[in-house]
Each structure stands twice: as C-alpha cells, then as structure tokens.
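Here the structure is laid out as structure tokens; the discussion comes afterwards.
Chain IDs A, B, C and D follow the sequence of writing; residue 1 opens each chain.
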C-alpha cells in the first residue's frame, strides 16, 4: 500500500496507521487528520460532493508534500490518501497520518500538510445541491 | 462504547472514528492523536511499559477534559481512550479523536487534550528496561 | 499536436475537458492562451495556474515542443 | 477508618499500595501527613498531588471524615 495515493475507494485508518507504524519502533506520537463530507456548506444543503484531479500533477505534488513534511518536522513517516469519488455526508475525503518520536512534530506536521494540500494540489471539488451543481471556489 | 474510557484492551481507530462521526453530519474535520510505546526512552532500551491509574479520579478528569475541549474549541464531539496495560514497542497507549465543522479547531483541540491529559490525569508510567524497572518522572 | 487540458470549474466554463492544437515552429504558451482567449474570452478570469507536462509555469513566453501537455487550472479546492 | 492510597512511584517508595488509619475526631489531612512522615521521611519529596475522595485538595488543614479516601500522588506520567 503506497504511502501516497489518489483513489476512488474508502480507506481504513487502522490499516494506514499499521503501515505507518511499520516504518519505525521509535514512533511515540501519531497524528491523523480526516476530512469528511458535510451535509451543509455555507448555508446550502449538499447532497453529494465529487472530486476531480489532474492526476499527473497531483500525485507527484502529494509525494513532494510528504517528503517536505518529513524533512521539515523530522517525521519518521507520513501517509496521504485523497479520494477521487462522489461522496455523501459523513463519507471520508482525505486522510493524513504523521508519525514522529514525540507528539508535537506529528501534530504540527499533520496540520501543515492539510493546509498545504489545499493550496498546492490540483484537485477540485463540486458540490451537488438540490438547487444544482457548483464547483467550489476557495476563498482568496 | 463510551466516549471516554480507561481499558486494558487495544482500541480500533476505525471503530472510534465511526462512533465520533455518528454524532453529527456536519463534521468536516476529524483529528486524532495516538500515543505509542517506543523501544527507546532517553537513550535507554525499553522492553515494556506499564500503566497504573487512580481510576476513581482519572476517569472523571478525562470526562471533564473532554467536556472542556468541546466547549473551548466548539467541537461537535470528542473521544479519549487510555490503556491501563503492559505494552511493548509499537503498541497503542492513548487515543484522542476530535471532530469539528472545520479542520483547525479539531487539530488544535487534539493537541490541547493530549497536553492537558499528561499534566492533569492521575496515570503513571513504568518503563521496564533490561537494567530494571523505573517509574517515569516527568520533566518539571 | 499540443494537448490542452481543462479541469473542474475551467472545463465546465469551456464545456470541454480536452482540446488538441497544431504545434507550429516557435510556438509559445502565449500563442495557446491567445487562441483560447479568442474563442472563450471569459475563460482566463478563473484560471489561476498553468502547467506544462505536469509542472507549473509562470512565464507565458515558455516555448512549446510538439506533444506538450498544457493544463489550465482554477484555484484548487481539494481536501 | 481512613483509607490511604499510593500509586506508581509513591507506592514503590513506600512498598505498599494502601494503608488504613483510624479516624479520630477533629482529624485533618495534616495529621495523616504527619503520621506518614514519621514512618517514611523521604516520601513527601515525590508527592505532588493529594486528593480526598477523588478530588484534589491543597489545604492540609482540610478536616477528614470517617471513611474518607486519601490519595498521595507523584507527578502524572500518562499519555
């Protein structure tokens, strides 16, 4: 199971954390972040969210992001999975796991990765609402 | 499955996150922290770690911590599980999960809870090393 | 040929995901942009990033080789 | 009786996890501390927290009722 993946299917946190841990016996702290679909977005009811990526660019960018986080925070390992699927409220969208000897770098790296992912990785989100579809335009 | 538990057995992150999500369809961000046993601590090889708690005080304090985190960070839900067992390198010790509408409060609450847990909850850790056992004294 | 790709909000506005353009000697990214602007004048309002062969480029004078893949992208909204 | 509990590093130093003391009228936390100090003079070097019936107390003059449970605790090291 690759440490960085774009996939349609859902992921298991247990399986991801097991794979993360396999890289070191010195891992004292593991932080994860899971982004999920909500049933409301800026006041509008959302039935589904679908994702599209420029995979040729998105996958290498995610791999670069992982390597940068490992170097920047002195992580023992990190994993990033982003789904490219149509999801409903409560479904998983993105998973990040970071492991370090101590808790602070793991927690801070996890936040850094999700922030960077949102601004650097060519993936787009479309919200399907009872009033129609619309691509999400992030705030400047 | 209670949201706050002291238990001998291991936990499943998938099961915990499922239980966390069940509380709201507005949960856009879930952060988790897992503390694990390392095979080294301050240069000494560690074979096992065992935990002891003053359960009468520890469980209410963990419940209070969860309620405080929910209020302080505007969380939709939070869960805390601490094992009271003898564990080996790689084994899980503590699990925290926080869910919020957006990612920042979930991530910040997760870090706050583990920091507070370490200073406020009456649990003690003994490291078993080839040279003998010793209770861990936290740095002041 | 130059392969031109559009994603998400950009493909929605242009009503296509992919175009092919004939490569000509001395052609630059600016030439592709000019051709698109002629047919889809509002398109560039929402384009924030351009990549050639999967690598982001900022210089519109970048020369293009035959078989290059150009992607026109709106602000990202993954995660 | 007053139930006195010791945990982790404290129980290790005192070589017991639990003691019972006879409750006497007007007895305070300080009386329990004095009795323990007599028998285990180094014990209080590592005690950082004291709880009565599961609630942390700082005032050593706190009066004790019969059947109270007192816990003497070193710095916590969970997580």
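Keep this in mind: contacts are C-beta pairs under 8 Å (C-beta built on N, C-alpha and C of every residue); 3 or more make two chains touch, one makes a residue touch a chain.
For clarity, every value in this text was computed on a predicted model and none was experimentally measured.
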Both-way neighbours, i.e. chains that touch chain C and touch chain A
none
Return the distance between the CA-based centres of chain A and chain B, expressed in whole Å.
22
From the C-alpha centre of chain C to that of chain D, how far is it in Å?
74
Euclidean distance of C-alpha centroids - chain B vs chain C, Å
49
Numbers and ranges of chain D residues touching at least 2 other chains
none
Can you pull out the residues of chain B that are in contact with at least two other chains?
35, 114
Which two-chain combinations qualify as touching?
A-B, A-C, B-D
Flag every residue of chain C that touches chain A in the complex, lowest number first.
5, 7-9, 12, 46, 49, 51, 54-56, 69, 71, 73-79
Within their complex, state which residues of chain B touch chain A.
12-14, 17, 21, 25-40, 89-90, 101, 103-104, 106-107, 110-111, 114
Provide the residue numbers of chain A that touch chain C in the complex, in ascending order.
35, 51-54, 56-58, 60, 82, 93-94, 114, 117-126, 135-138
